[in-house]
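The structure follows.
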Amino acid sequence: MAKDLDKKLAVGQGLDRYASAVGLIGALLSTLGFILAFVLAAPVNGASVDGVEMIGGQMVSNQLLFSQKIFYFHMPAAVTSMVALAFTAWFGIRFLTTRDARYDLRAKLATEIALLFIIMTMFSGEMWERFEWGVWWTWEPRLTTYFILMLLVFAYFILRTAVDEPERRATYASVFGIITFIDVPICFMITRLIPSSVHPVVFRTDSGLSPDMLVPLLLSMFGMFCIAFALYRLRLRTETMAQEVDAIKREIDE
Amino acid sequence: MNKPSTFQQYVTLLRKDLQREFRTKDMLSSMGIYALLVLVVYGAALSQTARQFDVLQMSGGLLWALIVFTSLLGLNRSFSHEKENGCLEGIMLVPLDRSVVFLAKATSNLLFLLVVEVVVLPLFYFFFLTTTQPASTWPMLLLPLLVGTIGIAGIGTLLSTITVNTRGKDVLLAVLFIPLVYPLLYACVSATTVVVAGGDIEGVYLNALLLAAGYDVIMVLLSWVLYDFVVSA
Amino acid sequence: MAEQCDKDLAKVSDADAIVLDNVSKVFGDRHAVDGLSLALPQGAFLSIFGPNGAGKTTLLRMLATLSRPTEGTISVLGIDLKEHPDEVREHIGLISHNSMLYADLSAEQNLMLTARLYGIADPRERVDQMLDAVELSHRRLDVVRTFSRGMTQRLSIARAMLHDPEVVFLDEPYSGLDPHAVEIFDQLIDQVRQNRTFVMVSHDLSKGFAACTHALVMARGRKVAFEGKDNIDFEAFASLYRDTVGMGVA
Amino acid sequence: MNPILEQIYATIIPSAPYVIAAYALMWAALCVFVVFALSRLKRTEAQLAVLESTLASRQDDLTDQIRKQ
């Protein structure tokens, strides 16, 4: 029985072998990215000051913006959440074409991961915004888009709990996942492209990234991808096992 | 038996919705009353504002809030009678393209929403805008109104087909619908505001209208493609 | 067109009405219907028995093209259901405990709607004919909401038979009917019986058995027994049925 | 510290709590999720163990029966 179970769990699960290793690599990379963000990356310059000072062998004539350091984890988390949502949509399409319940499970778990990284992004973004803009909330385009995205992910889970019949639930969730993924870029585009007469433009664009900033950023981004993947596999393993448990229970009951 | 054309089937289904509405008037009357009540709530909400308060700047937003909430009510109703006696199943038994069902339902929803808007718009003017002078460009608000309503009817038809089979369907429709139409709402509010309150018509109005139309095209196409899965589930 | 019709009929006449080949409906690890195979000749009346959750309704929904089988093939009148669902739909009708009628439309409007959707040649004449047949001509302009349960069921039979289907599915048609309405319902079914093939799902063992020519007993999505009525002893059958129902309860 | 250095570092001290809070919150969110995922895994594994022992005892009963026969 136990062997049988292992075999069942192993179906399409070859990646599980690497999951923990990948998770470890992810943790290492993001930690490295975190350290380098403070050590290697040059601080972003703010307003110019009244004079020049030598700091660490460099002439500095601007204020150093420490708050920008949030960016090195904030942006990778945001990108990771988007990638996870892309997987939700992709698994949704796969489900609709194959009607295979496994894809529905994967879509659900990908959305779970997306929610985690969305929350991380919202937390870090919120801290940056509070310091830089001095407000807790403003309907600034990027912020708004991200907020809407979070609401859509909440809606995805609410929808799932509101349908009892498994196949119907899977179909609805897949369809909604696909629409969500399409709607977010539209939302982003519209809120940015329509000039708003009411709000002042508060958003400061991050000017081009120099290599010393790019390295920690890419390291943390790649690290987050790895972490997301490892967590996804962990959840997938758990849920597949839980399904197996349900099946055995039903067998015993009969 | 000669198979009717897709268009004939579309007309038949649309006529069915109109006949039903003509007999019961439940969607139009409930949406109309609801819209009126929202206007009353606006009255209370704005009653304490200063005399010099610039209601024109807010009118676009207020109008669209009214439309979104009213259409939510209507969309919720639009499938309840299809579910009542399993009528939708009866339609699924007929050899017909599933997207016809979507198009017919979206059209009837669009028509009902437009009728309600035609009634509500003068009322909105009557209650809130008679004290000020809207910009002379105000008739141009009809275009964003149409474009926005098309998008609401399109995506709303898909979503209400989903929520009619769920628990707590009334709330769920709002939960799914409002974030999804946010971009459309944003575009339509800015297009409406700029023609009512005056401003950079060329820059904002056209831009917003184009984006709203783009949203319509993408979302209606997507709903149309995905509808088969939803309605057969 | 006429030629093609003849060809269709020729194709139909020598085929079995319904052929299931290893049909399964699976979602996740739940098998609603599990590897079901059978062939039902034309003109037969099949009753499907089984406990709740045996997959009867799932099977009927698959036959009625409302749900797609995960595996296996179903052919209705020789037409493959997966490949040509729309062609199958032209030949089937469904009468269920749901009337599938719009409560706020009149009887006539309901039937006209269905007739137009199916593209019936002379819809008005056909609708009149069907209203006569179910003795509802005098109520044709009344809204369905005002009808009694029995009248609604009669109208729903008229609706299902409007396009003259060769195969008719009955999904728990007796639920919610009083004895008198059941009697009228049986008479109407007898009237439209002719050479049509019927498939019925019902909880009522004696009723289902009385009407049928073939019986299928299902449990947990599988076939327990499939026999022509002539080969079945009712007592033995009833005890098998009780055993199967017991299986479902345990 | 000279006034220019003071100006240069002006934003660092006030922003430090926010930077720390941002990283801490992200870590916390991640940790909460990991704890959640691991507890689910543990619970499922425990259930699986229970079921396996049940199945094994049943298997033994069955073999006993056959042996008796």
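By written order: A, B, C and D. Residues from 1 in each chain.
Note that in this section a contact is a pair of C-beta atoms (placed from the backbone, for glycine too) under 8 Å apart; a residue touches a chain by one contact, two chains touch by 3 or more.
All of these numbers come straight from a predicted model, not from anything done at the bench.
Visitor: If you tally the C-beta contacts, which comes out ahead, A-C or B-C?
Guide: Between the chain pairs A-C and B-C, B-C carries more contacts.
Visitor: Whose Cα centre is nearest the centre of all Cα atoms in view?
Guide: Of all chains shown, the one whose C-alpha centre lies nearest the global C-alpha mean is B.
Visitor: Measuring centre to centre with CA averages, how many angstrom lie between chain A and chain C?
Guide: The answer is 50 Å.
Visitor: Between chain B and chain C, what's the gap in Å when you average each chain's C-alpha atoms?
Guide: So the centre of chain B lies 39 Å away from the centre of chain C.
Visitor: State, to the nearest whole Å, the distance from the C-alpha centre of chain A to the C-alpha centre of chain B.
Guide: 33
Visitor: Using mean CA coordinates as chain centres, what's the chain B-chain D distance in Å?
Guide: Roughly 44 Å, centre to centre.
Visitor: Enumerate the residues of chain D that touch no fewer than two other chains.
Guide: Within chain D, no residue touches at least two other chains.
Visitor: Please output the residue numbers of chain A that touch at least 2 other chains, ranges allowed.
Guide: Those would be 167.
Visitor: Considering the complex alone, what residue numbers of chain B touch chain C?
Guide: For this pair, the touching residues of chain B are 1-4, 8-9, 12-13, 16, 19-20, 23-24, 81, 84-87, 89-96, 232.
Visitor: Which residues of chain C touch chain B in the complex?
Guide: Spelled out, the residues of chain C in touch with chain B are 1, 64-67, 85-87, 89-90, 92-94, 96, 98-105, 109, 113-114, 116-121, 143, 159, 163.
Visitor: Okay, in this complex, where on chain C does chain A touch?
Guide: 27-30, 68, 70, 220, 250
Visitor: Which of the residues in chain A end up touching chain C in this complex?
Guide: My answer: residues 99, 101, 166-167, 170, 243, 247, 254.
Visitor: State the interface residues of chain D toward chain A in the complex, per the touch definition above.
Guide: Of all residues in chain D, those touching chain A are 2-5, 7-12, 14-16, 18-19, 21-23, 25-26, 29-30, 33-34, 37-38, 40-41, 44-45, 47-48, 51-52, 54-56, 58-59.
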